[in-house]
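In what follows, chain A forms one complex with chain B and a second complex with chain C.
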Partner chain A sequence: MGFYFAQFLTGLASASSLFLVAAGLSIIFGVTRIVNFAHGSLFMLGAFIAYSISQKFGFWLAVPLAALSVGAVGWAMERTVLSRLYGAPELFQLVATFGLVLIVQDAALWIWGPTDLLGPRAPGLTGVVRIFDQPIPEYDLFLIAVGVSVLAAIWWMFTRTRFGILVRAATEDREMLQALGVRPARLFQATFFIGAALAGLGGALEMPRQPASLLMDLNIIAEAFVVVVIGGMGSVTGAFLAALLIAELNAFGILILPEITLVAAFAAMAVVLVIRPYGLLGRPATSAPHAVEIQPPQTLGQTGRITALGLVIALVVLPFVAGDFVIVLTADIMIFALFAAGLHFMMGTGGLVSFGHAAFFGIGAYAAALLVNNAGLGMEIALFLAPVFAAIGAAVVGWFAVRLSGVYLAMLTLAAAQILWSASVQWQDVTGGDDGILGIWPAAWASGTTAYYYLTFALTTSGIVSLMMLARGRFGILLRAGRDAPARAQALGIDIKLRNWTAIVIAGSAAGLAGGIFAFSKGSVFPDTLAIPNSVDALVMVLLGGLHAPAGPILGAGVFALLEDSLSRLPYWRALLGAAVVGIALFAPGGIAGSLSKWLRRRREGTA
Partner chain B sequence: MSTVLDVNGISRSFGGLKAVDEVTFTLNKGDVAALIGPNGAGKTTCFNLLSGALTVHSGSVLFGGHDITHWQPHQRARAGIGRTFQIAATFRSMTAIENVEAALMAAGLRTDTASQLLQDVGMAGLTGTPVTALAYGDVKRVELAMALAADPVLLLLDEPTAGMAADERQKIMERISDLVRARGITVLFTEHDMDAVFGYASRILAMDQGRLIADDSPDAVRNDARVQRVYLGEPETGDA
Partner chain C sequence: MKFPPLAAIAAVLAISVTQANAETIRIGEINSYTRLPAFTEPYKKGWQMALEEINAKGGIHGDKLEVISRDDAGKPGNAVKIAEELVKREKVALLTGTFFSHIGLAVSDYAKQNKVLFVAAEPLTDALIWSKGNDYTFRLRPSTYMQAAMLAAEAAKTDAVKWATVAPNYAYGKDAVAAFKQVLKKLKPSVEFVDEQWPALFKIDAGVTVRALEAAKPDGIYNVTFGPDLGAMVREGTVRGLYENRTVISLLTGEPEYLEPLKAEAPKGWIVTGYPWYSIDTPEHNAFKAAYEKRWGETLKMGSLVGYNTMLSIGALLEKAKSTDTDKMIATMKGLKVATPQGEIVYRAADHQATMGSWVGRTDVVNGGGQMVDWRYIDGAEVLPTAAEAKAMRPAD
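What follows is the complex of A and B.
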């Protein structure tokens, strides 16, 4: 009995940090309608900054100062990047905050280095209290008190102060508030400051419990997304309840089966979403903004078609003229072009944003590896089944996703990918953990560099061409109809949920096929195929190439691979990538293809 | 005369407000019925309950003899209920003709009748123009063509003339009237423009505060004491 109560209190203590992060995320979303992917980065910064301050000024001064500093960082993020994107389609807001994640991560690496930093314990709270004869750390009790106090403080602010009432009003109806003469800019800045400070506080308070590390950002954001989705977007009390639920699930799940905790969080979210699609205390959004810009898809003109033909010929003759390095690099580009093409299909044509597309790539890669190594199947069958397994994964994630609005899909896919990644690291018996799975080689007939290149060429080209044809054909047109005007599409007899779900499954299986081909080309699979950076890569390729251009993913994968090849030799190149992502979102939403076709059109008009 | 739509005591509330309260009526084949009432009477909610965009809290809806009360919007559309929206909704990444083609595809039909449909609603030119570049009156025509594409049995038109210039209103109402008569489509439309209502409806349903207060021929409704009271009590609708 006492032991379980102690475990319950441990859960409550963990719930506090999670609540602080999720509350900040929720408040910011409520007011600005921006899902801040960089919120986990603010949490991480809180931990690092608190560590540094504590070295000079001690624990108790470090905590509030870290929270304030992180608040200032949040404010700066809002001023420099996000304030420019309030009117932009959802996708670009999400992508910009995603870019900030990369920048903050490399900044933290640059300032604090790669090693984990364990901060001091809280003076005065280092002992234990005995409750039911069980030792309970005093600091855990303190954290529980902080969580409850912050909830009370937020409640007081929202109901008793002018600022809080304006924040609630903005959450309810932003246009009305503007009409009443409130300057939203100031309100948004203040909201970002408070939301960020809460995340920073959460990070700083973790000091005695876990070392500050560079993995904190994505781990907490995945959990925070689960919490916010369960609690209901924009609801602070909902976030509190959901944080409690998740933390207790973790605290008790770990007693039964440690691996189950990750799945338990996702399962809890699934159950809540089925019963209450807007979360425990959430309300349906009054207006669903468009995830992507509504514009006609670009078509391949005469020039485009000739270029495409030239490209195919060049790819066919490449092994006769190029060395092994170029052949392998080109094969990699083709694999990533297929991976990106699936994402491009669901995002561009369907307006369905995925931030965890690597989940399906990774499922394909691991499925191929496990089928060959454990089930003893041949390469051909493994390559056939890889997209099937990925499609099943996509069907599960997509089933929930299509019941919700755009931002949820992005959050859900990110959470799913992060959970799969954790599973691949922790479930060592099956996945080999960080050591991965080695020795996945192609069948004898396809084992030469050139032979496997042609296999890759055949599979990826047919995959990409099929996706292009789907997007242009009846399926794609009706998918786009659902994206453009959901109510209109339904009134014409289009089952939008089914169609969107199908699109996610198709995109997932394309990623799975790419993952399977990738596994055999490298001979190994590691958890990083599932990791967030892999998802970001696909996203960058799509945006870089152009969301509305048929050649977008090919162009994007090509340019990205060449950039990566040259940039990745530089230190802190992830930050450069992040800056590029922010840059695309701010200045070139049409990507390379969009800018290129605009330039061509202008030139043609100029000469005509 | 065969019954197309049979609405039995449908209700829907939002919080404490009963937006539609025990509304009952039937539509027979060939009816062109207008649903009128002051702002907030529950007309649009009623429309959304019939098209499936909102679910009823109680009551039932029978269409062609099938109980469609719990059907999704797309299922009702496939069964033969077409609709337009108060603010015309079209696919903004497409041209006028592509919009109609998409509507035909959604119905599983061949797309070669698209230009004929656009001609039918009075849009012979501009078919290749992106809908985002069309004047609002033309957008409403495109939407009408889309709603007609699947050859619906019942057409729900939510303020077909809203946002149009006065001379245009008459033209579009005339078109609609000719089209539905030629195709034998049953129509239920809401409208603030009383000229359109009394000029084109064969039957009028009047709502007030969520309830149906009259269901009769235009002349009878014009002289109905309750309808008069509702309208005279709402001076802003007197000239609308």
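What follows is the complex of A and C.
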């Protein structure tokens, strides 16, 4: 009995630190609707800054000072970058926060060096107390107290102060608040300051528990998202309950099934989202879109068609004029363009966001590899079946996902991807675990750089063109109807859920085809094809390219891949890539393709 | 460090272009520099120093050695793409590098497919040279199996009978536990494994993990966690008294990369593999240590030695092969002897594994920092399976 109570308390301490990070993320999302990928970076900065301050001024001064400094960093991020993007299309700010993650990673490496830094323990709280004869570290009890106090303080602020009431009002209905004469800019800045300071506090309080390391940012961010989503986006109390749920699930889960550590949080999120589509304490968005904003259909103009034709010709001619490596790089870009085009189809035309699109890319890659390796099939059949398997996977995930919307839908796809990823890591007999599957090279007729390039070209181009035609055709029109005016579409007898489900299956099979081609081009498949960074890359390519432009995914994939390839030869290249991404976000808030076509239109009108 | 201005970049490019026209042998090097700088930066400094030494001595039979080093950002797909670029565009004679096991495997498979020599530096997985070994791949660093076997031999000498294990939940952790169990059971059949914990890599919830281990009441604990996870395990375990009166065996913990950040809180009396650079007193190693500290102004890490030995191996290979023809280089690599700061190592012909060994000793706190004491060097050849056994584990091709 005593053992289980002590285990519960230990879980509670972990829950507290998780809550501090998630609470800030939840508040920021609630008010600004920004999915802040850089929140983990703020947590990491908190740990490093606290370490530096503690070396001079000791632990107790370091914690609050670090929290305030990180708050200031968050405020600066809002002022310099994010505040310029509030008018951009939905989720576009995510691209900028992704760029910030890269910049902070290299800045931290530059300032603090590569070695882990173990900070001091909390003076006065280094011992243990015995509860039911079990040793409980005093610091754990302190952390629990901090978690509960922060929850209480936020609750007091939100219900008893004018600022808190405004924040809640902004969470509920931003336009109405603006109409009532509240300047949102100040509110957003304050929100960012508080959210970032909480993340910094969380990082600083980790000092006695783990060393500050450069891996903290990406390690915490996925879990923080899970907590926010389980709790209900924007709900701080929900985040507290969710952190408790996750931490205790882990604390007791490992006693029964130690391998559970990889999936526990994501499996819990999937279950919660299926049962309660808006999280434990979340509410469905009360205000439907105020006015029906009809986005014009995505079509290529005449310039676009000519450019596309030129591009196709250039790609056909390329192997005659370019060296082997340029051919390989171009093939890579085409594969990612197809991957992104599928996601773009479901996000742009269908309004269905996915944070876990790597799931289908990975299914395609693994299906192709396993069919060749275990079933002894040829490359041709494997490439044909890769999108089929991915479509089946997408059908299963989509079945649950279409009941959700917005960020919740996105997070369910993330959970699915994460569950598949952990299966690929743990199911060693079939997938080879982290050692992957090797020796998946193309059939004899398609091997050789040029031959495989043309195969890639043929498959990806037909995939992308099919997606474009689908988006323009009847199916795309119905999908857009469901996206822009769900109520009207439903009244007209359109089965929106069925269309959305189909769109996810189509997007999934495109990703699966891309994954299959990728597997043969690299000769091997590893769990990283299913991992979060792969999903994020696809998302960034789509948003960077432009969500509402047909050429978006192609431009996005091309620019992103070329930037990464050329910059990665330089020192501190991640900061450069991050700066480039932020720069594009600031100067092309409609994405590259969107802003390009706007610029072209304006120029044409100007000269006419 | 400041970002190099455009002019400097242009100058570097110009120099590399002119160098390409002179007699140079190019080596393609790939590693996860931005993903895990704590381990790959000392490694880079190690091979850079060896490279400078080789070129200062006039290169390889008068030819200058040039390394083109690239970052794979921790993605195997990137690594294969870079390998392609290095081989096809930069015309490198051979490939080297890699830290993560899966990236090592991806590059090794590329090397096999494209008939290029690959000298793997750091990846630890046994598959690289055994179950998925190929003719084109050689590996320097002692593998997971070798290091776990060294520790299992030490564990068999202790009184501990009931063992619990804790390892990160991925291939390296799984292999390290499996090898330890296998060797220990063979040496001491009475042992019993009472619990195993598999925290997610770098996301350990150390408090609950420590308590789960404690609940199993083992005599001995075998730890495979490293990096930030290790720091968390040490703190949470120490405060809860997990390590009191228990035998703790810990893989790689004696390497400076892992032991130094713990400072005065470094565990005492753990039996570990590692690299006690501060107390190795041989003329070769003293010279290496002095040169490294002079060149970089910092102390040695495990990665420094691995990087240095990697480039020494490549130098020795090219020196002896007198050719950059892949078949000739492979023939030379088999049985190649290399004089390193830790003595002579041999690349075994049977499984392409180098006999680079490891140091086994106890941890202690000396002058306010963690160090290895009572250590001895175990040559890799002592713990490797026989040539015939190793050959049997490799695919026939």
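We adopt the following convention: the second predicted complex is superposed on the first by the 425 of 608 C-alpha atoms of A that agree within 3 Å, B and C clash if a C-alpha of one lies under 4 Å from a C-alpha of the other, contacts with A are read in each partner's own complex, and residues count from 1 in each chain.
Just so we're on the same page, contacts are C-beta pairs under 8 Å (C-beta built on N, C-alpha and C of every residue); 3 or more make two chains touch, one makes a residue touch a chain.
The structure presented is a predicted model; accordingly, all values stated were derived computationally and were not measured.
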Partner chain in contact with A:462 - chain B first, chain C second, else both or neither: neither
First (chain B), second (chain C), both or neither touched by A:496: first
Touched partner set for A:149, first chain B, second chain C, both or neither: neither
First, second, both or neither for A:488, with chain B first and chain C second: first
Partner chain in contact with A:211 - chain B first, chain C second, else both or neither: second
Contacts of A:480 with chain B and chain C, given as first, second, both or neither: first
Residues of chain A contacting chain B in one complex and chain C in the other: none
Chain C contact footprint on chain A (complex, rising order): 3, 6-7, 10-11, 13-14, 105-106, 109-110, 114-118, 121, 126-128, 135, 137, 139-140, 208-211, 213-216, 219, 223, 247, 250-251, 254-255, 258-259, 261-262, 323-325, 328-329, 332, 425-426, 428, 433-436, 438-439, 441, 449, 518, 522-524, 526-529, 533, 564-565, 568-574, 576
Contacting residues of chain C [partner chain A, same complex]: 1, 3-4, 9, 34, 37-38, 41, 70-71, 73-77, 80-81, 84-85, 88-89, 101-102, 105-106, 108-110, 112-113, 125, 127, 132, 169-172, 174, 195-200, 202-209, 211-212, 215, 227-229, 231-232, 235-236, 239-241, 257, 260-263, 265
Complex interface listing, chain B residues touching chain A: 51-53, 72-75, 77-78, 82-83, 85, 89-95, 98, 101-103, 105-107, 130, 143, 146-147, 149-150
Touch list for chain A against partner chain B, complex: 294-297, 474, 477-478, 480-481, 483-485, 487-496
